[in-house]
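Take a look at the structures listed below.
Next, two complexes with subunit A in common: one pairs it with subunit B, the other with subunit C.
Let's turn to the complex of A and B:
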């Protein structure tokens, strides 16, 4: 008879769950700056340090730009580093995000996704992380509080894999996940330590083997540096799978880069990121009961983009709807939409596709909204076409 | 010279080892290059250098060559104080957790990277009082991008963005009081230095490294191209800056000021200014008022420092 594993349950908000995961990861250096809706993460972590529950240097920087710079320096010195931010804070970090990935610093950062100014808004959308899309970070998205916890632990495993050594962001929807209390299963400290033991950073600052970091490269060598980086980030998918596999062994929870839901025979597939994926799944399940052939594909990893997995899922769909909680102003659509369109085109899949821009600045996307959206998709399939390519779903006109 | 504790009494005490290797691409007669060489003479153990973007950085790290015989890191222009903070704290916590060792960290940035774009990161680092030495090499303008004015450019100086025009003759604003800003953080140790006084400078570097907390040195480093003088004159001009009281050599310990080089009989400021092309227009009769303004600033600053030293407080 197999031994029954003791399940540890806690009730935490998304922010608290992320902080708890970072504590269990025994991070060495935390540098951050307060910003809603992320602040609770650093409040919790500073409390853990102040109470002696976590042996780490907690540095409240004077800006997010400095917070990420502190993390970068600390990571290269061989410390396990963590930061968290949102919105304007992530935008202020932007310059250093590129440098952190290029210098191969395995920093883990939680992003409590929030809209960008102006107008000022503290609520959820994905404009912040989409602005950081091309910075060379691995971007993971949580659908619920359990995933925010799990992905934070997995992020360390992925970031510190010597095959890649790349920074990883864990995205959780501002307020929707950061401030919602959910029951979750947590691992024991021992299990976490076994999963992500401290391994020496292979290129750490070493006085016996001095290295120069962040040198200058002119046109005769710069492109080769960038090509190396291109090759490295494309190694992330197998590293993700490996991290997920070992995580599932201790937790029983399995993560894929894309999580399909009822997609096998689906005529209509909706693609989304973050907490909306759960809303869509709930309604899709309900509609399946009415024989509507609808499926949902939620991306756990947005960068690098799981192109082949998405292409496989969409290969036989009649209709694809992309949910964008951000927009590329002046571009051909939202960021996820353009990624999906490119994937469809590159893989020779021709199907009716539209972009649904929704939920900007925390505009609710409720179960009724999801149901309305599915009805719209069903009608469009019956007609055989969308009447627009880009819908601003839920906007007051 | 009046440094309380002298680590290097004569030039013969200075170690022969060069951690700043020859063959870098800085100009002939470059003031900052000498500041780097001298700084590296004062290190007391394997030391990490964090370098801001700037002349020194681009000229010493052109792939695949590097001029630093110790670990060296460059991240960006404005965050040197922050990167050094992170490394210093990482060394400290890793030592505490038995996975590493504490080492000296020296952050090096120019005046643009310190007075202007890096001021916030510097202030944050000083306020948090990490164990690190920050050295600002001041050549009084953005020399790496071709001589643009900075917060360190003195009144009247001509640069490519504050040219000596027919209507506006050079920079109209004051040079920032950087050592005053740093001193206001009440860090354990801050000082000014000049490459014309190498023993004073390297003793200050060593003294700063001995401090368990944040320390700061502002070193004046003339720039042959930007200040417009012959490369053979760098040291002479740096010395004139001290001897005319243009650049007072002081220490500020926990806020208390001490003037290290008492310039009792200053040379006329004109001797310092005349030696440089960037001030040439100040000697035209229509710009005499700017020359007078600069002289007044220098005199006021000196008298202020004397008073502060006398009171024993940094105001």
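Let's turn to the complex of A and C:
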């Protein structure tokens, strides 16, 4: 007779779920500066530390720049390190983000995705993380609270893999996920410890074996270090797969870099990040009932970009719509759109494609919006072309 | 972890594949760093003109001028960076800077 596994169910907000995961990961150092909508994450963690439930150094820094700098030092000293930020806070961290990845510091950071000023806005969009797109971090995106919890645990597994040793961000949509209570299944502390045991950081600061950190490399060596980094981050996909495989064994939940939904025979495929993926899936399922051949591809990993997986999914689509919750102003489209366009072109796929910029500053993307979008796509396929390449979806004209 | 001799990096004897991750490199002392490879011009001492005043020995910022038996001086080319201070301070102009 198979052993019955006890399911632990909780009702938590996204922020609380991330904090709970970080606590179960038994982090050693948390350095952070409060910013909406992530504040609850570090509030919870500070409470865990104060109540003696988590044995960690909780360092309240004087800015995000300092917070991430403290994390960098802590990670190099061999501590399991966690931080969390959003929006302007992530922007303030920016220079250290590059340094943390290049110095191979396996920091895990939750980003409660929020719009950038100005005008001042505290609500969800992806402008903050898209600014950090090219910093050499691995960027994961959660669709719901369960995923925010799971991906936080997986982030430690991925970051600390000796093959890569890279920082990982776990993105959860501000307010939509950070402040919404959802039921989720959590692992036991023992299961988490078995999944992500503390392993020594191989290059940790050690007085008996001194190493130089953050050295200068001039024109005769700098490029070789960058070439090395180019290789290292491309090792992340197999590391992700391994982390996902062992996670599925204890949790029963499976994560792919890209999660396809009804894409096999889909004529129209919509690509998106974050909580919108669930909205799109819900409506796609409904429209499937009316025989609309529509599919959704949600990216769990945005960097490194799962190019081959995306190319395979899109190979036979008649129409590809990209959902961008950020924009590259003055560029050829939103960040996800330009990635998808490049993927299509590089892989010889020619299909009608358009960018749908939506949800900036927390503008709701409701089920009715998703349905309207799908109708637009169906009409465009009937006509055989889009009437624009960049749509500002839901903007008041 | 990859151990690579810093001096090999300085000489350009490396590829991106052999570099340690993130340039986390074994720390060497100044004795182990062979800074002589930085040089563009090398000092040559004309021992017949040298008066053994030792000004070059005093002024050399890298202690690359060594006193040898008989009161003579010689240049330690493993460390001399070719700055030319010795040639500049030499009263009888016994030291010439010659292109490498």
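As a convention for this text, the second predicted complex is superposed on the first by the 397 of 397 C-alpha atoms of A that agree within 3 Å, B and C clash if a C-alpha of one lies under 4 Å from a C-alpha of the other, contacts with A are read in each partner's own complex, and residues count from 1 in each chain.
Here is the rule we use: a residue touches a chain if its C-beta (ideal position, glycine included) is under 8 Å from a C-beta of that chain, and two chains touch if they have at least 3 such contacts.
This is a predicted model, so every value here is computed, not measured.
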Partner chain in contact with A:104 - subunit B first, subunit C second, else both or neither: second
First, second, both or neither for A:221, with subunit B first and subunit C second: both
Contacts of A:318 with subunit B and subunit C, given as first, second, both or neither: neither
First, second, both or neither for A:232, with subunit B first and subunit C second: second
Which partner, subunit B or subunit C, touches more subunit A residues: B
Partner chain in contact with A:71 - subunit B first, subunit C second, else both or neither: first
Contacts of A:210 with subunit B and subunit C, given as first, second, both or neither: both
Intersection of subunit A interface sets (partners subunit B, subunit C): 103, 210-215, 217, 221
Residue ranges of subunit A in contact with subunit C within the complex: 102-104, 165, 202-203, 210-215, 217, 220-221, 223-225, 227-228, 231-232
Touching residues on subunit C, where the partner in the complex is subunit A: 1, 9, 12, 14-17, 19, 21-27
In the complex with subunit A, residue positions of subunit B that touch it: 46, 48, 50, 57-58, 61-64, 66, 68-76, 78-79, 81-87, 89-94, 96-97, 99-100, 103, 120-121, 123-124, 127-128
Residue ranges of subunit A touching subunit B (in the complex, touch as defined): 28-29, 31, 55-57, 59, 61-63, 65-67, 69-79, 81, 95-96, 99, 103, 198, 200, 205-207, 210-218, 221
